[in-house]
Amino acid sequence: MTEMPLHEGGLAIGCRGQASVDSEAGEVFPNADCKSSCSLEEIARTLRRHIVTMIAAAGSGHPGGSLSAVEIVTVLFFRLMRHRSYDPNWKQRDHFILSKGHAAPLLYAALAESGYFPTKELITLRKIDSRLQGHTDRAMVPGVESTAGSLGQGLSFAIGVALACKLDSLDSRIYTLLGDGECDEGQIWEAAMAAPHYHLDNLTAIVDRNNQQIDGWTRDVMNTEPLGEKWHSFGWHVIEVDGHDIGQLLSAFEEAKQIKDKSSVIIAHTIKGKGVSFMENNLKFHGTAPTQEQLEIALRELA
Amino acid sequence: MTEMPLHEGGLAIGCRGQASVDSEAGEVFPNADCKSSCSLEEIARTLRRHIVTMIAAAGSGHPGGSLSAVEIVTVLFFRLMRHRSYDPNWKQRDHFILSKGHAAPLLYAALAESGYFPTKELITLRKIDSRLQGHTDRAMVPGVESTAGSLGQGLSFAIGVALACKLDSLDSRIYTLLGDGECDEGQIWEAAMAAPHYHLDNLTAIVDRNNQQIDGWTRDVMNTEPLGEKWHSFGWHVIEVDGHDIGQLLSAFEEAKQIKDKSSVIIAHTIKGKGVSFMENNLKFHGTAPTQEQLEIALRELA
Amino acid sequence: MPQEMSTRKAYGRALVELGEKNPDIVVLDADLSMSTMTHMFAQRFPHRFFDCGIAEQNMIGIAAGLAASGKIPFASTFAVFVPGRCFDQLRLSVAQSQLNVKIVATHGGITSGEDGFSHHAIEDLALICALPGFYVLVPTDAIETTQMVRTAAVTPAPFYIRLSRPSTPVIFDENYHFVLGKAVTLRQGNDAAIIAIGIMVSRALEAAKHLAQEGIECRVVSMPTIKPLDEEAILQSAKETGAIVTAEEHLKHGGLGSRVAQVVAQHYAIPMDFVAIEDTYARSGKAEELLQRYGLTAPAIEQAVKSAISRKQVHHS
Amino acid sequence: MPQEMSTRKAYGRALVELGEKNPDIVVLDADLSMSTMTHMFAQRFPHRFFDCGIAEQNMIGIAAGLAASGKIPFASTFAVFVPGRCFDQLRLSVAQSQLNVKIVATHGGITSGEDGFSHHAIEDLALICALPGFYVLVPTDAIETTQMVRTAAVTPAPFYIRLSRPSTPVIFDENYHFVLGKAVTLRQGNDAAIIAIGIMVSRALEAAKHLAQEGIECRVVSMPTIKPLDEEAILQSAKETGAIVTAEEHLKHGGLGSRVAQVVAQHYAIPMDFVAIEDTYARSGKAEELLQRYGLTAPAIEQAVKSAISRKQVHHS
């Protein structure tokens, strides 16, 4: 295994595994320290550095769709979600279900920075004896809630978790991150029909609306527009935001929390490959690792 | 095999296999005679009699969803569609693809009355050596375009046929009949997304909106409302009609023909079991054959 | 217990019994609860029953999420739709996720009859046995079904239990004890062994009776656990009888016969024959008519036994 | 022809060649055209190429409708998604509809490597062989792939052709002639037969070479048509060698080995062994690492051959 610089920002280190009580909300935010000790923007940049670094080390992987969803995941893991890195199966936790499993590097980065496992493990991504499988495996990595890689399955899984929380009278919130290309899958619409039918107001889906899938722009490959109207007609409360604007994301999640009796979807308009100039909107970097040279440029841009 | 009265109305007999040219449209309507020789209402009643009779003879089958779509199929087979019972694979024909395959008795009745095979064969439905399988088998029966029985597949198939017609520069129209419960299936929405994406204005889907599926009312089992909005948001031209009103159906199909560049869907509001008092809106008759006694009452009502 | 009962009816009852005892039992269906008999549970525990409508893929995903949260989901529909309509979901969200989901599929085989081939599940075992981690069970009768359902509920692993539509003979009495992974010898004999599942077990017994009249003594083994196979019982049969015939209401490919053949070939090669559906779809017809037409009968088993016996060691002389 | 080429690249080229000759050839993909190599056809014949987006079920239905209208559709995606994500569609809309649809699935087996188990197709043959009417093919190299694709295009029936991701050795020369349904004997020998498919063929040849050095002469048979099987070739191998080992990049269940075992058991029982993936999912890793880890190697074949030979007739003495 090559030794690679991991560019640990150290930003989130102070937060790891230390639960603190947000007295206002009366809720436990294990990562509440982040709110003061480091900005979400800084954390986002750290996650991006992890992503490009680990994919470069692996020699394969999916930078584009990992980078586009960084702010979404940052806001959830380092501000909004109740979770405990020292107790990943904590019954009262909020749940994050990654449906677009090829964004595994993003989730691994967020988990490592949250203290679920050492950030230096990130570099083992996709290597034969690593826990960090190319697509997430829930049985292997603490904090990974779902096994993914075949698209279209996460929302159904999230409904199951949301139903269980209701049955157990838990007020946990369930978040699931979907790709926009992934919304081609019929299973997404089966699930989209079911969630409001079951009145799952504890469920929020986020669509990473980066307008690209593998074969091209979504409007050319399989047009999903008007995407918001589709979700609306399936009974969802729809919120559209700039998915790189942390303020907009925070208030969107807050709005979703207030909606009762139905599920909410946040359509987060993003740029695939966001943060690395030559990866932005570049189809090639959906599923290609940066070379060592490209990595260095990327890290400079993300410094 | 029991000998059962088949109640051949004989109405459509005059039309069988005789192509005639509608000079106004310049199109070939093999069944154009029907327009003068017998009313569509009468044909509809004949089809209903066939349906209950053959299902009673079979001892199993699906009367409810066959009866609800009678007017839809009547209007298509005996007025609008270009087809030739003596040349089922006629290249220029319009296509009817039954997606909700459990309504096979309805299609068989329409085909028999159109002259594809003798009406007396209808009574062999579901019997071991019959061509008339419980759900349609395209390889067995002339005029049956698709094999069905597993729900959710007909619209995709219809897209394939519609694409082929476009490739071959045929101006054929493609019709496909879906159940409203069937719209739970994700594959329907995959196809719904694709048809307007491919600009298939030669394709018209009809949803038999009888508000019931097997386990109950659709709003209770899996709510599909607002159904029209869903199709609209998937890019379709949506027309809602009373599915038992022949006039409304005729003008809806005419409207669909005029729409360019996208596909049309007709949401036909119907009553499951329509025409037989004790079957109407009666869940039991989704998939139960009438007894001999019930058959007699039904036939009296349909006389 | 009556003389005849469908395995799906036994399932419906067992679910209610389990539901009373364990609040974590939840049940899912895909708009077929009247036929799968989950409606009995739905009526008794409406808040723990989820109808997913006609959306089998979503049903499996929801079941997986429930299992991940500590529930014990039983998900049912016809065997032709699960695994067939949701194989990838069973693969990723259940098998690869190692989740405690119980699939109970009814209307296995061709005895669903008149609905025709779209409703005949003749390949479900080939599919479900291709999912590492799944227990795959086919009960012989209603009594065994009840016990299987109880076993599944307390064994934390994915299960697939295949039931049938028609009423079938009750073979076991109340003292019978189903053991996961173990074959059951129903009749002794050393001329050949018939290994059967589901509705073919009673036909195997019938065949053995006829053959005994001709002086051929067959062992009859029921193999309620298709996966993992009771290899010991298979090899014992192989060694003690020298000829094995399998009988199942399934394609010859990928079911009981194919699994037994691999065990035998790898450990103790002896002649075999397969009573199963050849590479074809069946038509509409009454259950019994179809079983006749597609060769799933006692006489077919008898013939297969004779064929296997005739091949014993011939080519090794 | 270079020394190494991926079978999917050969497919991409063959499609373009076919497209030039026959205007009825149409191609479908599900957002993986860069990987399946259908993008070559898409670029040349944009109006005959349909990207279905990430909707495998719909893709199969559309292909069926196109076939019903006289087109010859080739539909491609990864082998893990077809048949797995659309089995019921392949069943009803293609197999039961008897339609002329060609499925060409790439990234078969575990050599898709680092993506991990969600992307490893280790059960596709178990599924696709459970569809009556389908021809199921696995080419040995790029040359054979081209010929298979041509054959599929002119044979009116459903086809499934399984390709792999990595570049693999080109074994045949341009004079090679693929015959549908026929096995190919690549090496003579009478101590045991190795029947292999896909990337395992070259490993089988390697194993045979090593074994010859130890005085064990193995026949090596490639079985490019998994369905229908060349039973004659199998039985000839059985009779002339008395021991068969199969080798495939697939689960032991439901693939080549299981199909050969049934033929052998039913007609000429001899000891066998199976080089295949045991009942487990593989992890992320480089293709070669995974083949090592999961026992798909020449040494594994050698060991299996010795095991099968050691069981020859022992228990019949």
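All chains are identified by letter, namely A, B, C and D, in their written order; residue positions are counted from 1 within each chain.
The working rule: contacts are C-beta pairs under 8 Å (C-beta built on N, C-alpha and C of every residue); 3 or more make two chains touch, one makes a residue touch a chain.
Small disclaimer: the values here were computed from a predicted structure and weren't measured.
> Which chains, if any, touch chain A and chain C both?
B, D
> If you tally contacts for every chain pair, which pair is highest?
By number of C-beta pairs in contact, the leading chain pair is C-D.
> What whole-Å value do you get for the distance between chain B and chain D if each is reduced to the mean of its CA atoms?
Whole-Å distance between the two chain centres: 41.
> So, what's the distance in Å between the C-alpha centres of chain B and chain A?
46
> Give, as an integer number of Å, the spacing between the C-alpha centres of chain D and chain C.
Distance between chain centres: 29 Å.
> State, to the nearest whole Å, the distance from the C-alpha centre of chain A to the C-alpha centre of chain D.
Roughly 37 Å separates the two chain centres.
> Pull out every residue in chain D that's touching 2 or more other chains.
52-53, 55, 57-58, 80-81, 85, 88, 91-92, 96, 117-118
> Out of chain B, which residues touch more than one other chain, so two or more?
Only 137, 147-150, 152, 184-187, 190, 193-194, 222 qualify.
> Determine the shape of the graph in which chains are vertices and touching pairs are edges (line, ring, star, complete, other).
Basically all the chains touch each other, so complete.
> Which residues, counting only chain D, touch chain A once they are in their complex?
Against chain A, chain D makes touches at 29, 31-35, 39, 51-55, 57-58, 80-81, 85, 113-119, 283-286, 289-290, 293.
> Please name which positions on chain A make contact with chain C in the complex.
Those in contact with chain C are residues 97, 137-139, 145-150, 152-165, 167-168, 186-187, 190-191, 193-194, 198.
> Write out the stretch or stretches of chain B touching chain C in their complex.
Going through chain B, the ones touching chain C are 58-61, 101, 126-128, 130, 132-135, 137, 147-152, 181-182, 184-186, 213-215, 218, 221-222.
> Show me the residue ranges of chain C that touch chain A in the complex, using the header's touch definition.
Residues of chain C touching chain A: 26, 47-48, 50, 52-53, 55, 57-71, 73, 88-89, 91-93, 96-98.
> For the complex, which residues does chain B have touching chain A?
So the residues of chain B in touch with chain A come to 184-190, 193-194, 196-197, 222-224, 226, 229-230, 232-235.
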